[in-house]
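The two complexes that follow have chain A in common; it is paired with chain B in the first and with chain C in the second.
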Partner chain A sequence: MGKILIVDDTLFMRTLLKNILFSGGHTIAGEAGDGEDGVSKYKELKPDLVTMDIVMPKMNGIEALKAIKEFDPAAKVIMCTAVGQEQMVKLAIKTGAKGYIIKPFQAPKVLEEVKSVLTS
Partner chain B sequence: MKEVPVKIQHNNEWIVVKMGIAEDRVILPAPVGREILFRTVADIAEKKNILIITVKTDTESVYKILSVEKVLQILKKFILTSCNAYRLMAYFMSPAIRGGVMIKNAQWDKGSVVVVRSGIWFISATKQICVPLNDVAAIELTRRDVQGKPADVIKIDHLESGEVTSSFVLCPLSTLQVLYNYLRDTTKSMDMKGTELDGVDQQVAMLVYSGMDSHAIENMLNIPHKQLDAVYDKILKLGLGEVVTIRREIQLTTKGVRYITDATKSQTN
Partner chain C sequence: MSEFEAYRGLFVAESRENHENLVMNLLLLEKGPDQRAIDEIFRSVHTLKGASASMGFSQMERLCHAMEDVFSLVRSGAAVVSPELGNLLLACSDLIEQMLDDIESGGDSSSGNPDDQVHALRQWIEQYGGTRKKEKESPVSTPVGGLPDESSLITAAERCPEYEMCITVADECMMKDVRAMLALGNLEALGTVLSVHPPREALDEGTFDGTLRIVIASDAGVDTLKTAATGTEILNVEIRVMEGPADMAPDTMQDVTSLLHSACDTAQQAEKKPYVVIPDGEIRAAEKQEIQVPDGAGPVKPAGDDKKQSSSADKTREIKNLRVDIHQLDHIMNLIEDLVINRGRLRQIAALHKIKEMDEAIGMVDRSVSELHSLMMNIRMIPLNHIFNRLPRVVRDVAQHDGKEVEFVIDGGETELDRSVMDGLNDPLLHLIRNAVNHGIESPDVRTQTGKSQQGHIRLSARREQDNVIIELTDDGAGINVGKVRAKAIEKGLITPEAAETFTTDQAIEMLFQPGFSTADKISDISGRGVGLDVVKRSIEALNGTIRVDTTPGKGSRFELLLPPTMAIVDVMIVRINKKRFGIPISSIVEVANFRRDDTHHIGKGEAILLRDEVLQILRLDEMAGASQECEILVVVQYQKRKCCIPVDMVEGKQEVVVKPLSSFIGVTRGVSGVTILGDGAIIPVLDVNSMV
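On to the complex of A and B.
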């Protein structure tokens, strides 16, 4: 079980992920509504894992991932992309993302991916 | 021609026969007494280890054959190669995404895609995957990175044991377009305007999709049970969902209250 930071600009998605992760026995370290806030929360909370949306205001998910990786090269980040943004996945993986989920997603699969990244 | 023992449904009973398999036909001996040419097969579907074959000659007949996986694999291979269907050589990746999570090490298989009346079959040297058309949730012509280059593919979202699964088909664009149009036409009955559900209704539907139960949905959206029930009614009426569980809420009778009071007393004494 891990301490997880959720970075997504929509409250609905954050709440959904929070519920899914909580039901899987994980602790929510914190939430951020944009990439910039996500990076500063990462530095402050040092979570075991981050779920990171890609399209966000201020700083997008890829830029935030880059900043987090610069601060902590061992950071475990799972990217969340919407259907049709699969091209971004490759860029995210190149940048150091450990996993990716595509919205809309189903709870059991999200928990499997989180578990797999946490134990990797 | 090889002979293999199979069970076949005949006059509503399962009987054992020695079925003869040749490259272009199967021979079902008495009491069935039929020879099925593969090119006359109009549909082929699979439910667990039962193969359902629809043969169209002057009339239409349905045969249900039950056998071990190995026999069914050979039979499926022969039928899908020669049956009356829309067939194309293609690369496919199935499954590629399950429940929103990309499947690690998913690979492109070289083989063929066969579209029959009731489903889409992905066939390669090692795989025989059937996606029933009734389970197809979405079809999209999109682009995807294939060996470092963007390529046109068809993405087929389908339900598999309650999980939303996506498969990809890759072939020349002109063929893809034909396949896409064909699949769009066959699944047209599922098309909707997209305006049937309002904001909250859509959020409820999305949460159901994600696997949330009623209690979690009420809490997350901060809506009362009655409102959620009304949204469920709308979703059910549109055919977008089905009831799986009816949860009951109860209150204690006097007898129940007395029972709990006594139980609490005995615990505190």
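On to the complex of A and C.
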């Protein structure tokens, strides 16, 4: 179980993800609505794990991931992606993302990935 | 589906925002190339796609997916948005809106069939790229941790035991190559990867078949390596200790050499990169810390209790805004209105029994209720952009339909109005805008002939002025044609040809607002292309607002809507006629005077009175209250520039009341804007002076 920061530009996705994470016994460190906010919340809250959307206003998920990794190389970030975004995810993995989950989210898969990254 | 039912409201609300953003940026794109608009459109359709897929609304997802594919191409610069594509995309956005309406009322978006649109979008994609162009990759693409330099590679390889690993990714995994990359990345953090099969390029290009073979030199031990490679959707990890350098196949050696070269290249690139290359040791230290946490044994224990406290404090600080269902706000508003009514009742009881303490207590309650009321009013305020943002699309559509060129400017959209006023404003405003393009702005050739710019201008602005919100719609079109109005009024039998001779511009405007003048006589026509200005006027008046028009032939027209920011609770004067009580809104009352019957005069069928050198029409409410012989007081009311007076038996006093609209069973009743409940439980009508004067 971990303290998780959710970064996504839609409240809908954040709520969906939050409830899935709650159901897995995790706590939510905080939520951010864009990459920029995600980076500053990461610095402020020091979560155990971040779920990061890719397409977001202000600063996209890849840029936010880079900034977070610069601040904390050990940061554990899971990318939220969709079919068709393989190249983006690969770029994210090369940038230091530790996992990915595919929309539409399936609770068991999300929880499995979160657990796997938290214990890695 | 049912598990997502709880998210339906949120989904609709947010999707509508994204839809609005989509339309707004599509319109921006029509004006010329705009990378920001393209990015925004991509983001919006991407989000709509993801959300609808999550909710299981497959039709909507299909449509958004096709739109996203189109914009991937546009975004990469491989194609531009032509006017035809723009129209197609707007048609798609209309369908999305229709689907959202369906979803909001409990459907699943299947009422809108996107086959035609998806087909058209796919055709467009084929035309522009054959197959979907892959997402553009950033030039930066090296693993974090990069690859160690040549010397450390050799020493690592010399020192550490070597392992051969075979990692199998599960068949159902949707991004097998990404999984393989993750496993590879995890292993790279634990040692030196000497060979990878299939090569990294295969992973990059997406030709990976599901089995990854790695040779790694590491001192992490079998278990740690196995754990690092194991993860979600990893079916199997096999690991075998290699006997020594001799065990390494020649082709593997070749791999190592090529690896060394790529490592040098990477190291050179890495110097320019914005991210940090992490030394091996640090990663291990971090991982060690994590491993100490017992797996599945409750939450991760923070460093200390202090930290825990501060983080929970952070959490409460985070929540600054929250989204509330509007129906809940309406419900709270109803409760506040009930409070206002019951406060009046308490006050009456206190007055009746002359209880001083109760009076004081009511005074306190009074203050809280007033504050609560004004707070609630603020919460219910919504910026006008909420409805303004939809209008550029309307202007565009009408202009395109009529073959006109129009520049539409919006100003002051941040001005706030109560939601209830906003709801009632949407249709009349839509109608006025359509009218402005349809009837106001001339066709480009006519404009050129009259020495105007080819493009017409329409400006919509809003501002707060004292207690009112003023919305102004100006156009530089032809203005109102008095001759045309006159001819039509004669044709409709509203005025005689003789009277028409002396028709002024003001009178022409008056005629426009006359019921029966327009071709539209049903309220439903307001959203069509009818010209029911009387309906617009009635709708605005139903909001306790007024509408004023200025027009200059050949120069254009200006419509001014004056609206109260809110309408739920109003100050009224309670009057009594023939033992029946009525409320008259204080805002309409000019003065209260003694009624001297001697000063009344009969003019035709009507009755008038001379009050301070002014002749005022007397408006008797006999039909409503029955004739009264005891009228001693005159309440002078005013609407715009017109005054008249209502004779009443007595004035009971001023009161803040909640005006509830009449039920739809009763329908629109001229002269009555609604009813209110007084403190003693009596239900009385509240007069609508605007429609009486």
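Note that the second predicted complex is superposed on the first by the 120 of 120 C-alpha atoms of A that agree within 3 Å, B and C clash if a C-alpha of one lies under 4 Å from a C-alpha of the other, contacts with A are read in each partner's own complex, and residues count from 1 in each chain.
Quick note on the criterion: a contact is a pair of C-beta atoms (placed from the backbone, for glycine too) under 8 Å apart; a residue touches a chain by one contact, two chains touch by 3 or more.
What you see is a predicted model; the values in this text were computed from it and never measured.
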| item | value |
| --- | --- |
| Partner chain in contact with A:I20 - chain B first, chain C second, else both or neither | first |
| Partner chain in contact with A:K98 - chain B first, chain C second, else both or neither | second |
| When both partners are placed on the shared chain, which of chain B and chain C touches more of chain A | C |
| Contacts of A:E112 with chain B and chain C, given as first, second, both or neither | both |
| Touching partner for A:L45 - first (chain B), second (chain C), both, neither | second |
| First (chain B), second (chain C), both or neither touched by A:P57 | second |
| Residues of chain A contacting chain B in one complex and chain C in the other | 12, 15-16, 83-84, 86-87, 89-90, 99-100, 102-105, 109, 112-113 |
| Touch list for chain A against partner chain B, complex | 12, 15-16, 19-20, 23, 83-84, 86-87, 89-90, 99-110, 112-113 |
| Residue ranges of chain A touching chain C (in the complex, touch as defined) | 1-3, 9-13, 15-16, 25, 27, 29-31, 41, 44-46, 48, 55-57, 62, 66, 69-70, 73-74, 81-91, 93-96, 98-100, 102-105, 109, 112-113, 116-120 |
| Chain A partner contacts - residues on chain C that touch it in the complex | 4, 7, 10-11, 14-15, 18, 40, 42-43, 46-47, 49-51, 53-56, 65, 68-69, 134-138, 140-144, 174-175, 177-178, 181-182, 185-186, 203-204, 206, 227-228, 230-232, 274-276, 278, 282-283, 286-287, 290-291, 295-296, 298-300, 311, 314-315, 318, 323 |
| Chain B residues touching chain A - in the complex, by the definition given at the top | 97-102, 140, 142-145, 150, 163-164, 203, 206-207, 209-212, 216, 220 |
